[in-house]
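Next, two complexes with chain A in common: one pairs it with chain B, the other with chain C.
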Partner chain A sequence: MATDHVSVTIEKQGLQSLIDILAKRGYRVVGPTLRDQAIVYDDIARVDELPAGWTDEQDGGTYRLQRRDDGALFGYTVGPHSWKRFLHPPIQQLWKAARSADAATVEATPAEPERFALFGVRACELHAIAIQDKVFLHGPYVDSHYKARRDNAFIVAVNCGKAGGTCFCVSMNTGPRVSNGYDLALTELVEGGKHRFVVEAGSDKGRDVLAGLPKQPASSGDLDAAKKVTEKTAASMGRSMKADDVRELLARNLEHKRWDEVAERCLSCANCTMVCPTCFCVSVEEASDLAGVESSRSRRWDSCFTMDYSYVHGGSVRSTTRARYRQWMTHKLSTWWDQFGTSGCVGCGRCITWCPVGIDITEEVAAIRSSEPQ
Partner chain B sequence: MAAKKPRLAVWKFASCDGCQLSLLDCEDELLAVAGAVDIAYFPEATRGEISGKYDVSLVEGSVTTAHDAERILDVRARSRVVITIGACATAGGIQALKNFADVKEFTAAVYAHPEYIHTLATSTAISAHIKVDFELRGCPINKMQLVEVVSAFVAGRKPVTPAHSVCIECKLKNNVCVMVAHAKPCLGPVTHAGCGALCPSYDRGCYGCFGPMETPNTVSLSRQMAHLGMSRADLKRVYSTFNVNAEEFRKERERHG
Partner chain C sequence: MALTAETPRIVADPMVPRVGRIRKRVRELSDVWTLTVEMDEPFAFAPGQFNMLTAFGVGEAAISISGDPARPGEGLIHTIRDVGPVSHALSHLEPGDYIGVRGPYGAGWPVEVAEHCDVVILAGGLGLAPLRPLIYEVLSGRKKYGKVALLFGARTPTDLLFRPELEQWRRRLDVDIHVTVDTSTEDWYGNVGVVTTLVPRAAFDPQHTIAYVCGPEIMMRFGAAALRDKGVPDEAMYLSMERNMKCGIGLCGHCQIGTVFVCRDGPVFRNDKLRPLMSVKEL
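This part shows the complex of A and B:
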């Protein structure tokens, strides 16, 4: 896709035009912005709401913002939020029911037609969206709420100019350069006092929007520079994981003593699953009013780390933290393949950074691997 | 229909009244509550005599006197369903700090005539005395959870009051984790959900008002909070609040001296 068209460059003001065009076309533009000492995804209307000149330092259980010495708009990696907040929101009502004297009515909650423009989607995140697409759209049942949001979404991707301390997309083969699944892709070039963006279109929707932007054709020098940006990023990943045989590695180590060891540290707090861009699990909850007239059913994000999640009559199937951590990690890296034909991990590093005690999925895999005869 | 409304009683034991007041604080929902149940005994709100049996009793407060230890047996005998509300009733409350101290010394220091004070050496949860059908956590309880518990009782269904960590509520709310991003100690990972991650939403660590979550790993969390700069005394103090007598918090407190 990315090769059958001419790449262009735009200036910083061109990005403002892009936001304006998307807003004019009825999109709710959401992108990276500063809040509470972090870079989160929220509504943006102006380029100066992007975190210019900021970067992040990440490690197991720690996240800190730092200044950069240039004005880069995308000079950081992924933050606490993922785009699943918009495509698969934390709480979604499914239906409501009402009772009158002689009848009861049940009404499905209609899928919301909200149109999101996701602005600043990274390569690992595009892969995560593709994984959720498999779960919600490509199985025997199509999730109408997800589908409505997904079909309507416009994706502006960004090639990463920096690797984070907990990133390992290179190991998972998901980045740092975007390959498909976007409408437009940007590469930020900040050098020699110049600040520009190479833009490629990845869809007809993208080409159509690109046509309306003030732009210059990209020179071969620009394209080289753009390529170098992601090459440099790829060479400086904060983490790595040997992933080619991890599916089998974990499958044959279900009784490894490392699971006991990690269970001593794991809080079963579920932060890792909340921040993971591919985790999709929900629980379904009923609400009824005091008068007994109306009731509704909603789903909300849940996690394999809660006791209720594996509760069947009489108790929880996975009652120990050992069982729950093992379920989570083996699902991400091993049984996801059996279920969906892909890895459930894209190497974004969020579960490492946002684990309050810094449990590191790459370190856990390495520990199990190192115990086997090489 | 009206004659069949379940009879509800609200009982007070050793407590500050804050949880009962949550019921009065349900301004928008109070009429609906009054429409769904017959509030037959609620001294904080209405005059009324204790009489006969109650379909549901909400019990606030802990047991700190021999008299209350007797009285709670009567409440049980009069009630089809007993629901305890708030940290005093579910864990013994802040007053359970006396369980770790010399009560004689306290009464001598506070009262001119300590000989008139008849108090037990401990403050204990209602469930230490009688069978409790449902416990609603919090100091104070969340009023929307109280409405949920009453609604569920009326509808004959299980209340939705998850026992997982506060962290899940924190993430549902879109907060930035104060522990990871701001290096602030937070009890959220070991604390029972229910408050809607109130403190982390205001840039503070969780104080543990809802007591231990379903599977708390306090040892691991304390290790991390020590790493963030908490001393042994600090760690002892964070577990020594409204739920100090809840088993997992009490044990963790004891580990720190």
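This part shows the complex of A and C:
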């Protein structure tokens, strides 16, 4: 793929053309935008809806927006949303049923025809999408709703020009530079009063869209500058985790005393699972009319931090916060490998930032590692 | 995508149930019923597999199949204890009522590994229901196995599931059947004690035995220990696990025990794989 990359540069107005072309081709363009003092993913129609001149400061349990003076459009990292809210939405109806005395019908809710253009997908998020692909598309059963949305999606990736305070993609080998899985990839260059984007196509779909954009060929200087952007980002990660042996480390430390310590702090609130771009768990809910004639089933995001999650007749299997936190963290970093042949963590740092008490997965791994019983 | 009882169709979405109709409902115990479901197409399954059953308007639950895999004409049979809202609604469906069926799912009891071996079937309470398809298969191919023992325990004499069938099996001379209750009543002349106490009484060659165990988790743990004490290795024991399930197909996450999904990798596990997982509390 890398050899036949077409690299060009476009101006800020070129980005507007990109949004327009995608919209014209029937895509619903969703990208980063400001709302409630956070950068969230929502519908965008104009470039000036992007959070120009904003950045974020992130730390354990902390997220604050700040102004930056260069007008950069992508000068922040990831916020509370991830793209799973579009590809694997929080609530999805599965089917409707109707009954009468002599007939019963079940009608599958059609897979969503909506075609999303995901605009501004970071490297860690591309990896998160690839991980959800493994869960939903590459097992013995395929999730038809995810498949429809995924097959139809157009992905505009962005190489990160800034590392967040809770980022550790370098440790997880998922960024900050995108490698594959995108249709178009942007690198924002803001220098010497010029504001441009190096654009690379990663698919035929991407090349096709790129052909319609006002552009200039990228010079070797542009490509060098783009490369330096992610090199600088890689060198300034807010967090790090020794990840090469974490699968085995956690597997042999299921009774480590650190689980008791973290359970003292963890509120079991499920925030980490809601913001995590790979967490896929769902529950199902039944709705019925009062007469009991028509009913429907929906699924909604669920979390291993709830008591209901592991409930079987008689009680919950994981009745303690210790067991629930251990389930979540060992699943992300260890048992995910056994189940899906990959890590379940991409180092995006959301679980650290959005934990109300600032529990830090990298710190927990380090603590277990440094006090492993011999 | 419409699917009716009259025009069944294979649906692409595995979360969408097929529609079946209740043919028969039999009360087994005070809170346990067996439902026979009429499906439009033959429903093939392996012993130990389960279905996701929908009571329309109430919800869905994972229920093991308790019928005979060799006699599909009998209908699709499940034995259900009334313990929660969904199992209550399912167990109270009447003949003619509609039911949603997804499945069959999971890895069942491997029967073929027991050929030329002795067979021990250890059941506690409702755990006999998922074992019944296996019992049918072993008994119908009886010559393929060595000694066959069925060890069954229930809380009280009135909790003995499938009692008429137990009597019937007991009349066969080629099956060693032992039954016990935890708590006796005055009309009970049989064994009293937990089901694990039956293990030493059964005649089998521990080195050449395949054991199938199903019941409450605590019973399975002690049952496996009793078999191990007698010399049966973990590699020759199969246990069926129960966990919360919302999908049955490995997509909802609920049934994980460490590295495995019970719905996809189980519910039947060989004990050498299961035992390390079960040795960690609340895994």
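Throughout what follows, the second predicted complex is superposed on the first by the 370 of 374 C-alpha atoms of A that agree within 3 Å, B and C clash if a C-alpha of one lies under 4 Å from a C-alpha of the other, contacts with A are read in each partner's own complex, and residues count from 1 in each chain.
One rule holds for everything that comes next: a contact is a pair of C-beta atoms (placed from the backbone, for glycine too) under 8 Å apart; a residue touches a chain by one contact, two chains touch by 3 or more.
Computed from a predicted model, the values in this text were never measured in an experiment.
In the superposition on chain A, A:267 makes contact with chain B only, while chain C stays out of contact range. Of the two partner chains placed by the overlay, only chain C lies in contact with A:311; chain B stays clear of it. In the superposed pair of complexes, A:339 makes contact with chain C only, with no contact to chain B. When the two complexes are overlaid on their common chain A, residue A:321 makes contact with chain B while staying clear of chain C. Look at A:106: by the touch rule set out above, it reaches chain C but stays clear of chain B.
In the superposed model, A:144 makes contact with chain C only, not with chain B.
Of the two partner chains, chain B and chain C are each touched by A:292. With both structures placed on the common chain, the touch criterion links A:64 to chain B but leaves chain C unconnected. Residues common to the contacts of chain A with chain B and with chain C across the two structures: 285-286, 288, 292, 295, 302, 308. Across the complex, chain A is touched by residues 29, 32-33, 35-36, 147-148, 150-152, 154-155, 157, 160, 162-165, 167-168, 171-172, 174-177, 179-183, 186, 188-190, 203, 214-217, 219-221, 223-224 of chain B. Listed in rising order, the residues of chain A touching chain B in the complex are 35-38, 40, 61-64, 80-81, 85, 90-91, 264-271, 274-275, 285-292, 295, 300-303, 305-308, 321, 353-358. Interface residues of chain A, counted against chain C in their complex, comprise 94-95, 97, 99, 103-108, 110-111, 135-136, 139-145, 254-255, 280-286, 288, 292, 295, 297, 299, 302, 304, 308-313, 317-320, 322-323, 327, 330-331, 335, 338-339. Against chain A, in their complex, chain C makes its touches with residues 1-6, 11-19, 21, 54, 56-60, 81, 83-84, 98, 100, 242-244, 246-247, 249-254, 256, 258-261, 264, 280-283.
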